[in-house]
């Protein structure tokens, strides 16, 4: 059978060091620092103040806008500070620092939905919103928004994204192996909300164990599709192209063609919210790369990365880079104090060598060949470099998903994504 | 003083070829040999000076609406005069310059000077301006054709100037050589211009 | 066969730009962008053909029978100038669509030696009426081809660190030279004209 | 004065002046120009077949010249031949003796061959090879001529050399026919 | 501990610019060694002259323009090597040096240096020499004496030239000779087997894209077969493939990434255009060989081809 795939993409070494490491619970940290902004959308305001006592699962920040998602305390303890702390994405941001108490108490407000199998659609949606569920695939877009398509756009297909195409990362893989049942239940909740005609669970072929364990648990109107191991197979537009051969319109969303894509971790979080009433205060993180004992850990949000590293036996000699996420799209961190947040799927330690200089582009077109959105990365980089701003749109700058394939293959070491980001900034400013 | 400047500016500072990038076609087409370059230059000097002078004399009499056609007819007349003169007296040259003599009519240098200068200025100044521009044009042709004839044939005005050891660069006599040498000369000229303005 | 040879030659070996150096000023002037190059190319092709349409009969049916060959030049240039004027006015009124595409280039064409050049060549080569039309049309296409190639290259070079002293005309001339060099490959392949 | 009238008047005056002066010059120069044109061919003819008069006729659409001495005796014939060269058309003059047996010589009238290369067909060392040849099929050879009918090619311009020889061959045949008929 | 911050992606493939250029040079070595062995020491001198000339020219230009000297990337050396490979082995060395100078100056630096040139620099150098010194550039030879250090040559026509006047069959050289490089020609073009092996390695390593060579190959074979089987006395497709510069040109020069289209469709177009032009120039044109001009002409069209074959972005409309 021809494996389902999309045009472009790259094959970096998979390096899934932790593929067979079961998920372990990380011992609770002494102190957590929970950023208030952990999703895409309107910012949250704190609902606690310095000195307040909080339980595990207590609401500590929320916003009024529809596109926002509340955050919760991940430990039982006392708020010691609300201030500016390291933030893995924005560098610095407002966060609530909580010192942990010995005894753990769940917030009394935590109650499962009654009779979840037969609950109303509205109740389910409201639970998902209230429990702070966001996309765990990395984008951290509030899930209830994604699950409330306007009536003008009926959804016919649901795709569950278990591709996990980033090298090194295994958190989704392990979750599918260990918590298949819960994930399937989560999927059923989404089905109930969206009522799609078809549901696919997409898994890359390099995860046979996950495939076979989920296969046994499938319920009606669910199908597992095995997709080719290739980065960025997990990108939603690429996944849709691979499975359905449909194109998401340039500048549009899957929604526009009747499709919703959700990550398996998100399904798991939905299950926990609905069946256990549990707000999103912990997640699975793969700690990998140049650490002494790479592992998959269940981590309370707000835990500083140093705790994870220490639990995994510390960094190897010579490590000089720590990345949140995978090596292709992850964000390099300045400090080991940075906390884990909703969107952190992995912690990757690397020994980075001296950066090679940028050479002139030799138009080898490797970047063009691998670009999963079929734009012309080399031209875009040059357009930004020579400041011919009027050409940016003609060359479809905004379609770039910043997957980094182009940079990965470029023999001249051109930081194309960096140029493209600068171009996007410029374009946004020009539009204003 | 002013008339001096009107004359001198066309030679270099506002040289039609090197600075204004005008009159490219004859510049490229007839500069394979120095003799052709000089002949073409002189033909342009004649047409330019004659038409500028005439147009300047009658500049107040020519209504605006028919300026272009009038200019064209005047210029064309002088061009045909030159053409027939060459055909009758220098058939060899005439053959070599071919259609590029009649094409002087549309040479932008000439029309440009009428529009920019002689339709607005007194006769004497128009005459000087035309003479300066014409000589500047000739100068450019002389420079280019000297380079091309020496490299392309090893001769100058037909006389061998480089010894037997020299292998002529045929390319210089061909179209690519014309474009390339003019491009390189313009580039060198730009470099000096930048240096001197700095 | 005749027509094919005229056509191919006008595009390659007898290209009005690379072989005859005509229309060089517009060639250097409007070859910066592909869109304008296309517009200019179409305008030139159009005017060249129309020029032949009018000046051939005038020359062979009026001037020659009356023994007035010396009026060839003034008449041709006047024909071109007035044609361009009329076309511009006509387009503006009757075909605004075409006017917006070609109109802005029309006034620039009057003093383009390529147009007068083909009219003169048409006489020199002793073409009959049909051949003249075809020849001028092909030559216009040859001019457009040269213009488009150059514009493509120059758009690419907008994204290149070309030496400052060569920017503009010098580099355009050098490229034209290199193109003429490459087009020498057609020599002998088409012996039209 | 009405400006329309003035416009038309101006154009008329300029046109008349221009036409007048051109017509004057044209009529004055015409004889000279025509003489030049004629002289061009005659100069070539004179080189190939010295004669007192050259009478031009047309044969099979080609320009043919019958050359006579003072006494009116035919001393030779010539024809203008054309054909494709390396770059464009080559046109040349070929002369035969009065029997139509020997080539008296050739001269290049027009060619667009590469200067310094193909253009060497107009140089004596090449042209003189044709002198006194039997009017038979000639052949081009690279390097030293060996056979009776060999013509040495110009180095680096075999194509032009071959073009000239093939024109000569074609047109000698035509001219021979003419000579046959007009003897 | 100091953590370094870089933008994603944080890993790179192992390919580098230097590796690309030096791999191409390595793949040229079989043909190059054979050329030097077969044409003796003059071919070696030619190689050295061209290489020095291109490298020195590049250094001079970088210095004059006050840009960092980037000779280490190997591209100027590669241009020099390729230039030497397409010149007649007995060309006067000063002409070769001039060719190298033109290749880098007019062919590369005036456009802004590596990566920005429109025309293939090595072929541009050759085209310049061809137009400047047509006689010397069409004078071919083989060594006069068996001695390896012999500097004299016997002039011999190349296989393509022996088929002139256009056209009289396959000329004097049997195919075995053409395969093993036992015939006069440019120093680097004669050893067909070496070129095929080197070129295939280059393609297998994905340093050269297969589309242009394949498209050119197919077009050349199909067109020349049509003439061969229907006309009188046209040379066979295998002769077309082996007798001239086709292999070197298609495998090593039409694959120059800088001067060829960056779209896949564009590369097919480029290859087909090149193949067709070669056949037409060889059979009907003024020159015996058309590989160089076909590549240069297609180079000129490359920006337009790129424009017309620009891929549609995923989900994009025109």
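In this document, chain identifiers A, B, C, D and E correspond to the written order of the chains, with residue numbering beginning at 1 in each.
Keep in mind that, in the parts below, contacts are C-beta pairs under 8 Å (C-beta built on N, C-alpha and C of every residue); 3 or more make two chains touch, one makes a residue touch a chain.
Not measured: the values here are computed from a predicted model.
J.: Return the chains common to the contact lists of chain C and chain D.
T.: B, E
J.: Considering B-E alongside B-D, which chain pair is linked by more C-beta pairs in contact?
T.: B-D
J.: Which chain has its C-alpha centre farthest away from the C-alpha centre of chain A?
T.: D
J.: Of the chains shown, whose Cα mean is nearest the mean of all protein Cα atoms?
T.: Chain nearest the centroid of all protein C-alpha atoms: E.
J.: With chain centres defined as C-alpha means, what is the inter-centre distance between chain B and chain C in Å?
T.: Taking the average C-alpha coordinate of chain B and of chain C, the gap between them is 22 Å.
J.: Quick check: how many Å separate the C-alpha centres of chain D and chain E?
T.: Comparing mean C-alpha positions, chain E is 43 Å from chain D.
J.: Report, in whole Å, the distance between the mean C-alpha point of chain A and the mean C-alpha point of chain E.
T.: Their C-alpha centroids are separated by 49 Å.
J.: Return the distance between the CA-based centres of chain C and chain E, expressed in whole Å.
T.: Centre-to-centre distance between chain C and chain E: 34 Å.
J.: Hunt down the residues of chain B that sit against at least two other chains at once, touch-wise.
T.: Residues 69, 73, 76-77, 80, 84, 170-171, 174, 176-177, 180.
J.: Tell me, which residues of chain A touch at least two other chains?
T.: none
J.: Which chain E residues sit where two or more other chains touch them?
T.: Residue numbers touching two or more other chains: 106, 113, 116, 128, 131, 134, 286.
J.: Looking at the whole structure, which two-chain pairs count as touching?
T.: So the chains that touch one another pair up as A-C, A-E, B-C, B-D, B-E, C-D, C-E, D-E.
J.: Residue numbers of chain D touching chain C in their complex, please.
T.: Residues 18-19, 22-23, 25-26, 84, 86-89, 159 of chain D touch chain C in their complex.
J.: Using the touch rule from the top, collect the residues of chain A that touch chain E in their complex.
T.: On the chain A side, the touching residues are 10, 12, 167, 237, 241, 247-250, 252, 315, 319-323, 325, 327-336, 348, 350, 352, 355-356, 359-366, 368-369, 372-376, 378, 396, 399, 402, 404-405, 407-413, 415, 417-418, 421.
J.: Going by the contact rule set out above, which residues of chain D touch chain E in the complex?
T.: 86-87, 114, 117, 142, 155-156, 158-159, 162
J.: Mind pulling up the chain B residues that touch chain C in the complex?
T.: So the residues of chain B in touch with chain C come to 21-26, 28-29, 68-69, 72-73, 76-77, 79-80, 83-84, 99, 102-103, 105-108, 111, 171, 174-180, 182-184, 186-187, 190-191, 194.
J.: Once bound in the complex, which stretches of chain D touch chain B?
T.: 3, 6-7, 10-11, 14-15, 17-18, 21-22, 25-26, 29, 32-33, 36-37, 39-40, 114-117
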